[in-house]
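Presented below are the structures under discussion, each in the form of structure tokens.
Shared between the two complexes below is subunit A, which has subunit B as its partner in the first and subunit C in the second.
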Partner chain A sequence: MMQANRRKKNALRSRSEIILRSTVAAALVIFFFAFYFIPILIAFYGSFHLWNPLKGQFKYTGLKNWQTVLNNKLFWFSLKNTGLFSVAAVLARIVIGLLLASALFSRLVKAPSFLRTLYYLPTITPMVAVAFVWKNMYDPQFGLLNQLLGTKINWLFDGRYAMPAILLLTVWKDFGYAVVILLGGMYSLPMDCFEAAEIDGANAMQRFFGITLPLLRPTVIFIVITSFISYFQTYIPVMVLTQGGPGTKTHLASYLIFDQAFSKYNFGYASAMSFILFIIIAVLTGLSFKASGKNQL
Partner chain B sequence: MKPAKMKSIGLNAVLLIFSGITILPFLWMLAFSFKTNAEISALSQRFLPRHPTWDNYANALTRMAFLRYFFNSLSYALVLSVITIYTSAISGFVLCKYRFRGRKLLFGMILSTMMVPGVVTIIPRYSMMRALGWLNQFQALIVPSLFTSFGIFMMRQSCTAVPDEILEAARIDGANEFYIFHRIVLPMLRNAVASMAIFQFLWAWEDYLWPYLMIRSESKQLLSIALNMFSGRFSTDYAGLFAATSIAIIPVVICYLVFQKQFIQGIASSAVKG
Partner chain C sequence: MKQLTQRAISLVLALAMLMAACGALAEDSTIIGSTIQYDTSKPVNNGEEISIEFWYWTGADKLFQAVADEYAAIHPNVKITLVENPYDDYWTKLPLALQGSDGPAIFNVHNSYHENIIGYMAPYEIPVEDLEADFVGVSAHIIDGKVYYTDYGMMTATMYYNKAMWEAAGLTEADIPKTWDEFREVAKKLTIRDENGSLVQAGFSFNGGAQGDVLGMQYQYGQNLFTADNKVSFNNDAIKAVIQRMKDIYEVDGSGDYNFGNNSGDNFGQGMIAMYLGWGFMHGLFQALWPETEFGSFEIPTPAEEIPYAYHRYNGESTFGVNKNAPAEQQAVAQDIVRFFLANDALQKRFVLANSVFPAKKSLAEDADIMSVSSIAVLASHIDRYIWPGPMPSAVENNMKIALEDIFYNGADIETALKNAEDTCNMELDGSEFVSVEPSYAYASEAK
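Let's turn to the complex of A and B:
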């Protein structure tokens, strides 16, 4: 029956459908090959070369770049840094997001839509712009943060505080996005579940961990995966706040790669590093899909 | 009654604290942008300016060709948003509503590019643009972003909510597929269009690295790069920078306010449930 139906549909396919579908499919194939798949191949190929576009160098050097990368302590340090930073940022984003979203969801709150817009404000402001605001607030002499906390911390030049400072800016910038997405998810949950649970005498905590969280799992996983991918590529906060310093304390992988690529023009070397980052992201994404029990989004 | 009230107070307190944390940097920025030079270099700082002045705004506007960068960024963000919303919608529609060989493979391919970090493709892309002679050209900003995998994914998800019966009915009435997409499907995707408008406009507005690599001449420079240059060249004149930043934030906020109703509806109804 299904087969027959499908065949009938095929026969009815109009010329305009064929034109539209072929044009779009062809455009997609060309675009994604030109700007993703071919560049990935070029990066891989280039990672075996001494590649400097300014000097016009492109010389085969075998595994040399890869060996240098694997023996580079700074690279491993920056990877570890990136990993820790990403885990902390994702966790903070999810925890704060869930906390505030369920608070806004709980009908005990006045003006939820105003607050939602307010929390979203940092998300919709350009990173370069707010990074400078935070750089100023972190200033040890006249910065707002030390004044508020009554401390004398040299946030950006003290190795112990520089990374947390970048993290704080990132969390501040991004938690609103999680609040909005999770709140949207909560509004789309079936209301009768909550009512039934309330009648059965489940308290707020039980309702949250028993109903809300399990039902929100796909949304939470979505945020975790997309956040991980973007935090693994954090660059602008480092560029504005610390430039990787003090020393090399705040080197994140992307910062190191961009530094090699576009201030030293070591394209081959940077490509080898970027490929390792790519593999790590691909493996982590694959694992989280597996953990989420779904093969597709 | 009483515990409920306590709970309400507790919740509202948490929300209020986060409101404060959210808004404080913005207030600090605004207050700073009205301070005089003497006040900024003073050792002890007050939150509010003692003698509020518009000088920093005047300086920002005159000293750094602010308006030029502003309009460069605005046209980049507008052009890119309109293009990518359209390409995402039509791709999402085709991938959702037509059955053809290789469709799943194509969609899988597009999705897989979401996890390709920018650092992998940016070096080859940069070389490609050099080879094409597109450095310092507007198309170098637009062409590599003509399609976005996230946008296509979102639009395809939203298209699943468009009932096939409507399309069939239109076909029986003799409508061709272009008419069906533009006049019937596209209006039904307005929530996704609104979400994409917010994301894409902001993405282009705050885009830094790619324009920084591509655009070299002052007259074509974008605002986000100019803000960073501003800090270096004048050893971070914060008051001027924050005056410029305060203005730089306005377009994205307006964009959000315009589209937020549909954006929120879109999230609640479908978008990211996977």
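Let's turn to the complex of A and C:
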């Protein structure tokens, strides 16, 4: 009798669990469809139209938007800028992240929790706020950067420095993310490998390049892929610091899309550009997986 | 006798009360305005309670509050809810709000967003000839015989100068330059460098906003901004001459520097530069943000002493729009507010002074208070020689900005940069409904 009751209770619990799980899963699927899949389909459909939602304009134009994008020199220039910017930002993020994560992992550093928190703080600060602070730091007259370096550089209006200035801000804001993820990866590594290597006489460098880095490979690839996806969508620092200038020197593809969609309300044209960017990100992500030698992280 | 006296007093008192009552009635039914008139005694919405929304963008709350308060004082049955939005958000939210029936009944207009809102606007119920009788520049706003908004003021560029720096350089009122050659000489005198040759005070600066200056100075050479088929024309001799002169002021005369401050308007207020070419609204901004900086204004110089085709372009500060999708009774109130605003000289004056614009209302053209604003007064003698190209899409200024940054900061040659900007701009304008109104300028026949 008691067993029957327990079975009944278990059955009820598992049924309620199934309902709960199904509800949560269904909610996520609905959310995904409503806010990702359907808008993507609408944007794809819209890319074949002269589309200005503010004027209620939605007129079929065939492949015109796509042809205009493919013939637009500024789009390709922005795409090249985006590629270079992303590679530099990802490299800096990984290198700084590895260096600082290793330092925190080595147990030679005091107060690692405090430092970990400190490094992560810029990551959780809103980009718009950070960008405005850095804009003041880059000011040629009273900016902190010129005062520290003793220079007279017009950082945001000099074509040689404007993009590196945006890059520096981006790296400063984002390196903490890599530190935390890599540190988490390091803590999960098997300690016996390190102990064995130490007994065999491997020095710190040998342990890092021989054990830590190969074992961290999935974590590094994860950071590379997520960083690429994120940096290919960068537009806020450009919007705040340079608005794509001087001239078009700091135009990034996502800024161009933002400008077309939300300054000029040319949604059809912006959608066509977005899809080209989407295809490029998908291809790069696929290549990253392939380069990792595995199909899973 | 006593009774007779009492009756006489009663009669006099009764007469006095009757006269007072008539006087009050006359006061209640005040009619304001000249050709466009507003009768304050006429009820709105039959005197029944009604609520409407009035949208405007940040920075003008006192002005719009004044309109709402003065109107509500006459019509207490009308509740006006003022809704303020930041400028950029305003132009995203407003056209979307106007698509439904619950959007604002009345809203503030900026003509650079004409294309996005004109489809949702109801024409004014005031006859066009009445508008033309009271306001200048109405003809440029007539669409199929109707007016959806017009200008209450005309804003243009004037040269601001720092009075203390002017005096310190030994300059007087007599030195105010008329031509660009004279201007360059004055700018040199106002420039100060330290012993290392570094700029301490710029005689003139256009950093951070030169596109607004350049797009207007080509008119001084008789060159329109748009071609007959509504294509933008950047790559022409007039604009090349304007840009070359700007380069020479920095590179040949040394009166300024591309890296001496990134916002010449702010830098003028901060006392870094002696002369600055800015639009009318800067007058109020300087007074509000940098009250310690004493400044004067003079009209933009010209290539020669003769009166040019046009001194510069102007842009109209627009009157309110009425939402054609709002319920009929709300639209009626909105139309009534428009009439009240257009007929009311005191409100017009308040808006004109707050934005330092030349009044479009003819009755205010010689108003002493308005003419005491130096940036307005300098325009008074030939305001007719300023041209409005029409509600230019933002692509025009954006592409000129890119061209100028390429020339000034990236070392591009003028012709290549202007050609690229012209091509890109015309590509972006493809499909736009913009129509230049340069041909309707009074002196259009003088264009080259």
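Here is the rule we go by: the second predicted complex is superposed on the first by the 274 of 297 C-alpha atoms of A that agree within 3 Å, B and C clash if a C-alpha of one lies under 4 Å from a C-alpha of the other, contacts with A are read in each partner's own complex, and residues count from 1 in each chain.
Please note the rule applied: a contact is a pair of C-beta atoms (placed from the backbone, for glycine too) under 8 Å apart; a residue touches a chain by one contact, two chains touch by 3 or more.
As the structure is a prediction and not an experimental result, all values here were calculated from the model.
When both complexes are overlaid on subunit A, subunit B and subunit C end up sitting side by side without clashing. By the touch criterion stated above, A:V128 is placed in contact with subunit B alone, subunit C being left untouched.
Of the two partner chains, subunit C is the only one touched by A:P140; subunit B is not. Contact with both subunit B and subunit C is seen for A:F262 once the two complexes are overlaid on the shared chain. By the touch criterion defined above, A:F157 reaches subunit C but does not reach subunit B. Put subunit B and subunit C next to each other and count what each touches on subunit A; the higher total goes to B. By the touch criterion defined above, A:G176 lies against subunit B but remains apart from subunit C after alignment on the C-alpha atoms of chain A.
When the shared chain is aligned, subunit B comes close enough to touch A:I42, but subunit C does not.
After overlaying the two complexes on the shared chain, residue contacts for A:P53 are found with subunit B and with subunit C alike.
Of the two partner chains placed around the shared chain by superposition, subunit B is the only one that A:S106 touches, whereas subunit C remains out of contact. Closest contact between subunit B and subunit C, by C-alpha atoms in the overlaid model: 5 Å. Shared interface residues of subunit A (contacting subunit B in one complex, subunit C in the other): 53, 141, 262. Across the interface of their complex, subunit B is touched by residues 6, 9, 12, 14, 16-17, 19-21, 24-25, 27-29, 31-32, 35-36, 38-40, 42-43, 46, 53, 96, 99-100, 103-104, 106, 108-110, 113, 115-122, 124-130, 132-137, 141-142, 144, 147, 172, 175-176, 180-181, 184-185, 187-188, 204, 218-219, 221-222, 226, 229, 232-233, 235-236, 239-240, 253-254, 257-258, 261-262, 267, 270-271, 273-275, 277-278, 281-282, 285, 294, 297 of subunit A. Those residues of subunit B that touch subunit A in the complex are listed here as 4, 7-8, 11-12, 14-15, 18-19, 21-26, 28-29, 32, 40, 43-45, 47, 87, 90-91, 94, 98-100, 102, 106, 109-111, 113-128, 130, 144, 146-147, 149, 152-153, 171, 176-178, 181, 198, 202, 205-206, 208-209, 213, 224, 227-228, 231, 236, 238, 241-242, 245, 248-249, 252-253, 255-257, 260, 264, 267-269, 271-274.
Residues of subunit C that touch subunit A in their complex: 91-92, 95-96, 99, 115-116, 119, 258-262, 272, 394-395, 398, 401-403, 405-406, 408-410, 412, 417, 424, 427-428, 431. Across the interface of their complex, subunit C is touched by residues 50, 52-56, 68, 72, 74, 139-141, 152, 154, 156-159, 244-249, 262-266 of subunit A.
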